[in-house]
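Before anything else, here's the structure in question.
When the chains are written out, they are named A, B, C and D in that same order, and each has its own residue count from 1.
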Amino acid sequence: MKVGFIGLGNMGLPMAQNLLRAGHELTVYNRTRSRAERLGREGAYVADSPLDVALDVEMLITMLADDEAVEEVIFGVSNVKGAKARGVLHVLGSGAIHVSMSTISVRLSQRLAEMHVRSGQAYVAAPVFGRPEAAAEGKLWIVVAGPSDQIEKCRPLFEVMGQGVFVVGEAVAASNVVKLAGNFMIASMIETLGEAFALVRKSGVDAKQFLEIINGVVFKSLIYQDYGTRIIEERFAPAGFKLRLGLKDIKLALEAAEDISTPMPLVSVIRNQFVSAIACGHGEIDWVGLARVSPDNAGIDEGLRV
Amino acid sequence: MKVGFIGLGNMGLPMAQNLLRAGHELTVYNRTRSRAERLGREGAYVADSPLDVALDVEMLITMLADDEAVEEVIFGVSNVKGAKARGVLHVLGSGAIHVSMSTISVRLSQRLAEMHVRSGQAYVAAPVFGRPEAAAEGKLWIVVAGPSDQIEKCRPLFEVMGQGVFVVGEAVAASNVVKLAGNFMIASMIETLGEAFALVRKSGVDAKQFLEIINGVVFKSLIYQDYGTRIIEERFAPAGFKLRLGLKDIKLALEAAEDISTPMPLVSVIRNQFVSAIACGHGEIDWVGLARVSPDNAGIDEGLRV
Amino acid sequence: MKVGFIGLGNMGLPMAQNLLRAGHELTVYNRTRSRAERLGREGAYVADSPLDVALDVEMLITMLADDEAVEEVIFGVSNVKGAKARGVLHVLGSGAIHVSMSTISVRLSQRLAEMHVRSGQAYVAAPVFGRPEAAAEGKLWIVVAGPSDQIEKCRPLFEVMGQGVFVVGEAVAASNVVKLAGNFMIASMIETLGEAFALVRKSGVDAKQFLEIINGVVFKSLIYQDYGTRIIEERFAPAGFKLRLGLKDIKLALEAAEDISTPMPLVSVIRNQFVSAIACGHGEIDWVGLARVSPDNAGIDEGLRV
Amino acid sequence: MKVGFIGLGNMGLPMAQNLLRAGHELTVYNRTRSRAERLGREGAYVADSPLDVALDVEMLITMLADDEAVEEVIFGVSNVKGAKARGVLHVLGSGAIHVSMSTISVRLSQRLAEMHVRSGQAYVAAPVFGRPEAAAEGKLWIVVAGPSDQIEKCRPLFEVMGQGVFVVGEAVAASNVVKLAGNFMIASMIETLGEAFALVRKSGVDAKQFLEIINGVVFKSLIYQDYGTRIIEERFAPAGFKLRLGLKDIKLALEAAEDISTPMPLVSVIRNQFVSAIACGHGEIDWVGLARVSPDNAGIDEGLRV
């Protein structure tokens, strides 16, 4: 299949690489061109602009950092004079599918669905769970929403990039909400671990033993074990997922919840902890580092500063 | 061993039963005498009062609902005239061990340790993780703190009642804090599930599928699966652990944290949700029912009312 | 002076009226034309579009509901084909001043400042404190930021519309932040009153007497008296300032705080209360009605439902 | 009238002094005897123990720091052997009135009412609003609850100590709840000021000008002016009311609310801020210093540290 891929960051690069190695004809673009050229050496066509990618593909995958980046690529930008750099929307072929795989807002996803349809194209929302290592091994989990026939066309690509595909409905918002709710649940676990560790450590209990007990007895979960250990050992760098991006996702969850009038008090508290952590200069560490905010506020943890 | 057992509720009765069946000589007391008599028919001596239990035992186990009940049994009560019903503290033999196995406050545990030592006795704090079914099967997890020689004397009893014993230190507070921090972590998971379900359901996603995805992909934890399913299916009765007792434990966690100046913002929010749930008449349902507060506030969930 | 005025809602209409009556030459536009025509009958020129207003004025005042409305008017809109309805930015004369007087985001205000300068125009941020009655009497309080020479040009207009002008700096963000922080403080007072009333009423104290004590002794503030009484008497309609607009401002405050990494835990809680209130169908009542959320959660206040 | 007075702290000493100067026959007791002797030199009888005060008075006023101190004085204490130092309850004459004027819990106030009645005495709950200077000038505000005939007997004393007396009902809890709700409202104002100042200052606005605007335009309240200025000028010592005592009152408000199932989300957040402030070593500064917690978490305010 002729596939375009825009956004070759920590996640996008290995995802595109897997598509290339599986034999798909790939055109790639990345703002920092050197990352695209790494794929060029493996046989991908390196485009000069997003428009260049979009001109001749059946499927266009975006894996971009945030809403702004996606909007700029798809809808284009205006300058002061009112002139406009055209977006991919205006050149993507009729019948082509845009597959958005990064974590974007529900609102933008709905707008993309509407605009692509109006332009005679299709749109599938397909955010993923998994860290860069999972992307490299083709072991992502992909949560998909959109028109079923379009999803079926994408399935061969999903199977190369992921170990599992969950179709959650026709309305594209569904997959974005699942991703955001999932990230909230992980952030909540991190903050919960942080607060519990602060309490037990200040009471003289060894945090490692506490984790062993609570995970061994109650949760029996690898992610509790893994994240808990990294918090205790203060391994917050290099960042698999940066704390400031965690805040971005928590904000998108709050925004999505607000748009459907759903109060989420835990999310609000967690958002505050993220802002505190960033205010104290921790925006670039891994988001498990959020767990340091409570100990810091408890005034106990000089040793925890990275 | 000559063992006294006071408090034969949902947890205490099966725990005492296991001790009896393992061949220990048991004297039991319960405010509602009929529950004690069930053990009487299996060979336990049924005492008329806590003092009666304490007179001739090497080990006294308490499994009482809250701090007040423990204080009354151990320290006794005064009436208006200043007369005093004596507590167990004044009759328990020299060298006997009081093993407190219910969830009590850190403060009371520390006071018990001090008072028993002054009275020539010993004290071991040994709260448990596990629901009534685990108690019945002798599969509790027991978190123990106190003087090591005393703990060793208790070990044979612990091995009858539990499948694992964790010794967390000599200072008794350690085990109570571990129990309270653990219960906070479970309550946090419940509230997190409640908020996430409210968000995805209001967005048109099937909560069951969401749970399948998020637990299948991220948490891989039986307790997420079990509690999540009970929330979705609204199985909040009969209560394995009542919501109002959940509030009690969250308050004890807050109190313990405050005594050592540890701010815990998530705990505070969760406390509020418990109070809301109780205000709306849900104090007697199982504490997983806490997850209904968010949906209720979201104004969507008439169908969720039990 | 030749003045354009766009946005003739509850606040804008009386503000424009005062300018007209003070002898300024006014061109007005409002989406619902009938409101503009009321001013037409008093001598204003009623324009057919925002562009029409902007063509020949020295000063353009906007008093629009939210960021989206301002963006549409100033920057224009694109349609699917990439065609663009031009915004006021492209027709406003060189040297003209855009005075934004509604509550908009810090981000948008900064962007407006930048874009107007690039287009050879000037921009002054001048949000106001005061309800519609104050607008009618020319008794608003105006918080102004921007280049001092431009502010001086606007001063005669401000003096017609308001009873006081506060210049808070050259950086336009300053005035928007003051307005948002101020609205947060009012919302906080409302929620505080709501929670305090819930507590005392449920304890059998007459809320009116409580207000009399606490305001008479501690706060001695007319707004506490006025808002407190309206809460107690449940006068939430007609809305001087709608609850859902209150949420908008609280969100803008959170966003402004987040952009400069300032955690504001009270704001987060208040935001949640707004979302709860809206979820329960109270978005259109006056924002003092926020004070009903706590009583509702306390399960006591059937009588409070409007 | 023969009046006993126990507790001669910052508030109690000037209150007792005013009674003495108004001609009442005063017997006083204070743990630190030197403070009592200051009154001795003015004609008060200095007692050796609380019991000694209670033996021959018509009215007994307590102005003690917390619940524990009141319980010890009124109910007495037990030692390990079960021996008991008797409390005032057992010696206070039949028909005498205990007037509790410090801020104590609703629960303790209700228990005092019950126990005094059983002992043939009377109880009036009369907490006060006002700082030490107001106490010195006899300008406290006194919130009273209890049997009306008993309140009338106390009125001459109240009129010496205060400038206003509010009778809020027969049920003693009413006055304690009014006091606790009032202190919550003040704490909420402090935290609100702290968060608003953090936002505007980090945005480059002068906090003093912001206070001038917001108080001049919206609140028009002396306490906003006074507390706001002290926050801006960082005058947190000497403490008129210590931050750690503020936490005590917030906890009592939460406890009172919880006992009647009233969720108070703002109170919970404020409680956390108090715990954070104390964790960072600020327990002994004036409670307006709470307003520093937000700036500290915002990572901006080295200059604010006392």
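The rule is simple: contacts are C-beta pairs under 8 Å (C-beta built on N, C-alpha and C of every residue); 3 or more make two chains touch, one makes a residue touch a chain.
This is a predicted model, so every value here is computed, not measured.
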{"item": "Chain whose Cα centroid lies at the greatest distance from that of chain B", "value": "C"}
{"item": "Fraction-based call for chain D against chain C, same above half, different below", "value": "same"}
{"item": "Intercentroid distance (Cα basis), chain D paired with chain B, Å", "value": "36"}
{"item": "Mean-CA-position distance for chain B and chain A (Å)", "value": "40"}
{"item": "Where chain B touches two or more other chains, by residue", "value": "257, 261-265, 268-269, 272-273, 276, 279, 297-300"}
{"item": "In the complex with chain B, residue positions of chain A that touch it", "value": "106, 129, 141, 143, 164, 166, 168-169, 171, 173-174, 177-178, 180-182, 184-186, 188-189, 191-193, 195-196, 198-200, 202-206, 209-210, 212-214, 216-224, 253, 256-257, 260-270, 272-273, 294, 297-300"}
{"item": "Of all residues in chain D, those that touch chain B in their complex", "value": "75-76, 78, 80, 82, 84, 86, 90, 115, 118-119, 247, 251, 257-258, 261-265, 268-269, 271-273, 275-276, 278-279"}
